[in-house]
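There are two complexes below, and they share subunit A, which is joined by subunit B in the first and by subunit C in the second.
Let's look at the complex of A and B:
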């Protein structure tokens, strides 16, 4: 990873307020990176879904936000970490309309559609890390 | 937690969301609105989201829930002022907001409530 101008920032996710805080932090990074307004909105919306997942399904955790570069373009990377129960069936969890909670089942699948890169690392009983990246066009 | 104020203009309740919505504020708004419609007999609800920067699935579902609750009190709901970036994001997220009436701005929202036949005293 090449050097970046902004170091990563970490926000704990343990309540409602933190979901709002994550949204605001991601928006700050998205603006700094000069993503278009639509891309900012998509990334912040995805972050909101994922932060809520971390809170509700993961039992809390933290988010990490940073500016990244692949050498040609800048982007924003946000990752969401929890030590919750993990996701036993990924295919199911990523399917539209599937939900283990009270949601609409759009959280994971919807968030994936809103970003350029989406990575899900989960282990039953150990926790889940979801990492997303949005690149500047 | 901040509460979203509900204004009454004639027979219409106006909710203008000016804060970054917490999930708890969203739930409180649903309850406050149900109380207020029931207490005032309002026939219409307008939710102005022109200041709202993002609508995720939780907030989107609130609109549908409020519309359904209002319907039980014989009131219509119109969501107005959605930002273009929010609209694009909602569609991509997969949230269609089926059953929720929308209008470009407050003025058109009021007109729609009027056309529904019960907005004359609005």
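Let's look at the complex of A and C:
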């Protein structure tokens, strides 16, 4: 793990091990930014969900993790990129308990509740980018 | 010696006639490099074998070392690299063993101005480079194997099922809970339930850093499987931050009994078993 890295760090997501790697990286950043333990856990869990989505539904991709600041407070931003099939029905995808796979159907909707900012950019056939930010309180 | 070298017909002949002193110098060079971490006699035994396998290959420039004529040296180097990994040598140290032979040969022939000789030497140098790279590959491969072995061992090690009371089993989970781990945990737990005839199992997740939907799903499946066998599962070790995360995620644990600590879970299980734990009065 880098001690205190400048700029974003990019991790490819192509297997289960990578989900763990992304989780560890996000955790390192969350600790660096001194998020509270609860916020650390929330962000790491959200990252875990999103990384797994990238892997399972997006067919792999990469994650970008960086420290951000809006002038008043610091935070951690993580984005998950894939060039998979995209999400045709966003409302459905963000509904609790709905899954196109075999999961619990809480990953995407749950991740949204775990973070402060959630942005989803998707286009059918082109891919999906999910960006989340957790601010230090 | 070097004057003779100039007149020698080929590098092969020279290496054959000068074998003993060459091997000696080679061993000296590498022994100095490794600073006593391997004895001269061990090195000499290995290098004698390498030397014998190398001799018929002199003249080959090592551009393609996949042919059958390289079979001997390849397996020797493979074995050598693997032994080096286990003994804790670095990949550079391993490859340097081969590269050291270059200098020994160059020293022997430095005064020769025969262009024929120079070409042979250049080819030999290329050959050693290629073989040196082979040791790198073997080294990396051996290391990957060790890592794989270790992660398999870790999987077994970190999922013990322990009997903590008559009729009560405990499974302390540590680290990451993925599908493979869950499978091992579930199998072990179900087997232990049958073996011990236990009716209560405590799954302790104190050591699990994050509970995401996948982990939750795995836990739920394990609990349901145990329930089908007539055992009740208690999930313990749910720390405050995990509890808040689970709520935010929207995961429902339904009617599964959850406890904050293993002690609470044990107390619950004992009560269900009809066991009362009372402090003995001081006599």
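Just so it is clear, the second predicted complex is superposed on the first by the 132 of 137 C-alpha atoms of A that agree within 3 Å, B and C clash if a C-alpha of one lies under 4 Å from a C-alpha of the other, contacts with A are read in each partner's own complex, and residues count from 1 in each chain.
The rule is short, and it goes like this: contacts are C-beta pairs under 8 Å (C-beta built on N, C-alpha and C of every residue); 3 or more make two chains touch, one makes a residue touch a chain.
This one's a predicted model, so the numbers in the text were calculated from it and none came from an experiment.
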| item | value |
| --- | --- |
| Which superposed partner A:23 touches (first subunit B, second subunit C, both, neither) | both |
| First (subunit B), second (subunit C), both or neither touched by A:77 | neither |
| Partner chain in contact with A:42 - subunit B first, subunit C second, else both or neither | both |
| Partner chain(s) touched by A:134 [first = subunit B, second = subunit C, both, neither] | neither |
| Touched partner set for A:109, first subunit B, second subunit C, both or neither | both |
| Shared subunit A surface residues [contacts with subunit B and with subunit C] | 16, 20, 23, 27, 37-38, 40-42, 44-45, 48-49, 52, 96, 103-104, 106-107, 109-111, 113-114 |
| Residues of subunit A defined as touching subunit C within the complex | 16, 20, 23, 27, 37-38, 40-42, 44-45, 48-49, 52, 96, 103-104, 106-107, 109-111, 113-114 |
| Subunit A partner contacts - residues on subunit B that touch it in the complex | 1, 20-24, 53-58, 60-61, 83-86, 88-89, 92-95 |
| Subunit A - residues contacting subunit B, complex | 16-17, 19-20, 23-24, 27, 37-38, 40-42, 44-45, 48-49, 52, 96, 103-104, 106-107, 109-111, 113-114 |
| Complex contact set, residues of subunit C against subunit A | 176, 178-179, 209-214, 216-217, 240-242, 244-245, 248-251 |
